[in-house]
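Have a look at the structure that comes next, please.
Per-chain numbering from 1; labels A, B, C, D, E, F and G assigned in written order.
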Amino acid sequence: MVNGIERPLDLLNASKGKEVLVQLKGDKQFVGTLVAFDIHVNVVLDNAKEMENGEVKKNIGITFLRGDTIIFISPASTTSLNK
Amino acid sequence: MVNGIERPLDLLNASKGKEVLVQLKGDKQFVGTLVAFDIHVNVVLDNAKEMENGEVKKNIGITFLRGDTIIFISPASTTSLNK
Amino acid sequence: MVNGIERPLDLLNASKGKEVLVQLKGDKQFVGTLVAFDIHVNVVLDNAKEMENGEVKKNIGITFLRGDTIIFISPASTTSLNK
Amino acid sequence: MVNGIERPLDLLNASKGKEVLVQLKGDKQFVGTLVAFDIHVNVVLDNAKEMENGEVKKNIGITFLRGDTIIFISPASTTSLNK
Amino acid sequence: MVNGIERPLDLLNASKGKEVLVQLKGDKQFVGTLVAFDIHVNVVLDNAKEMENGEVKKNIGITFLRGDTIIFISPASTTSLNK
Amino acid sequence: MVNGIERPLDLLNASKGKEVLVQLKGDKQFVGTLVAFDIHVNVVLDNAKEMENGEVKKNIGITFLRGDTIIFISPASTTSLNK
Amino acid sequence: MVNGIERPLDLLNASKGKEVLVQLKGDKQFVGTLVAFDIHVNVVLDNAKEMENGEVKKNIGITFLRGDTIIFISPASTTSLNK
């Protein structure tokens, strides 16, 4: 997936329509389909789930996440979601 | 609801006049009708309620929420409000 | 009060001369008459009172509040000030 | 004192040469004569005193306070300095 | 490796395609191959691993890290990864 | 010293070459000769000393202090350095 | 070393190629040779060592430190590294 990634946001662009893991400050974690993002790293996830210790804590549906609370975003296919 | 969402703020635009759940830093949570928002993600909610563990803690009425304290905003129809 | 609110700051404009509740980070809460605000959400309140658990803790008189410590601002008439 | 206050900084302008109470984040509180301020809400106080529970903890003399640590500024004449 | 480093980002440029250690605020630590970075110090790591006390806690795969949570970035070849 | 102070940074300009007390967030305190400052309130102190409860904890020599950690700066001649 | 320091960054420029002590927020401390810096006070240190109570905790090698976590930077020759 590294091919074609020149700038960090290229990874987000390549992840549109795919499941991603979003780690927030304060230990919140979401999994969902990446629908949109902007240069502030604000994102929209569809079928979002709040996770806790690898288990679904809450179904959030579609959601807008503000960029400044985000630590990292990973395509879920490459990530082990269970600790 | 994903159709037509190119940028994250498109979800907020599509949610105007609908009930949304707003999660703030420091574990505060509000439910209310989304009246307005701007690029700083400042929002106005009508019939706002402060929530705690899925129950109404306080009726706030119409309220202005500063964007920089917001973690996520979800249309309430797609969200399970109870833990 | 929703009529005419296109942008979040329109609610503050409609609240000038009226009593508002201002919630700050760190659980401080003020009630007072909204005199002025700017785009940073700096505000001036007149007859400001610092509140604690719905009771007046301290009379502050007229005061300047810096926007970046503000979580939400609500017209007091629509808000239950007591928990 | 409300007359002529169109923008929040007008209150600071009207308070020049007068004693003000400055509340900082982290519960620090200063009382002193407002000498100068700028749009970042940096201020200079003369005869500044650090206060604790309504009592003078320390005489600071003339001091420069950075705006981003300030929560509120009130003309002391309208404020009860004692809890 | 110091040769040719005129500005701090030159070190990141020289580290592309190499393994780096990324220390985040809140004691999170990642090791991975530096794929991309930008002026906000947002980075993309491939084969990223979350580390704890010098041991792999979790495989993250390819990941986007927001710059504002980053404390330092070091080429792993020059760093002792074990405490 | 108030004469000629129109803007907050004028106090810093008038304090160049003099001993100042710099209070940082997180209760760190420095005393030293103010050599230089800029609009971000970054400062250089010479003969800097880290203070704790009015006593010298550590001699730092000449030092660069980043503005965003600074709470206040006072000319030492007007300040009681002992609690 | 004060001669020729008109602006705070002049001290960093005069310290290039010399050993400096970098104090970070959250009590982390690094010693290393200053290779580069920019206006955000991002820095590159060579032969960097993480220090704890005046002792080397970890050798980091060459490292990029983000400016916004930095409290102060001092030329090591003028600083007592031991408490």
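Annotations
Following the convention adopted for this analysis, a residue touches a chain if its C-beta (ideal position, glycine included) is under 8 Å from a C-beta of that chain, and two chains touch if they have at least 3 such contacts.
In this text, all values refer to a predicted model and were calculated from it rather than measured experimentally.
Under the touch definition stated at the top, chain C and chain E share no contacting partner at all. Its C-alpha atoms superposed on chain D, chain A is turned by 155 degrees; the angle is given in steps of 5. For the pair chain C and chain D, the distance between C-alpha centroids works out to 19 Å. Averaged C-alpha coordinates give centres for chain A and chain F that are 44 Å from one another. Note: centroid distance chain D to chain G, computed from Cα atoms, is 35 Å. Looking at chain D, one finds that residues 68 touch two or more other chains. The sequence of chains round the contact ring, opened at chain C and continued through chain D, runs C, D, F, G, E, A, B. Touching chain G in their complex are the following residues of chain E: 1-2, 5-12, 21, 25, 41, 67-68, 70-75, 77-80, 83. Those residues of chain D that touch chain F in the shared complex are 24, 26, 28, 30, 35-38, 42-44, 46, 48, 57-66, 68-69.
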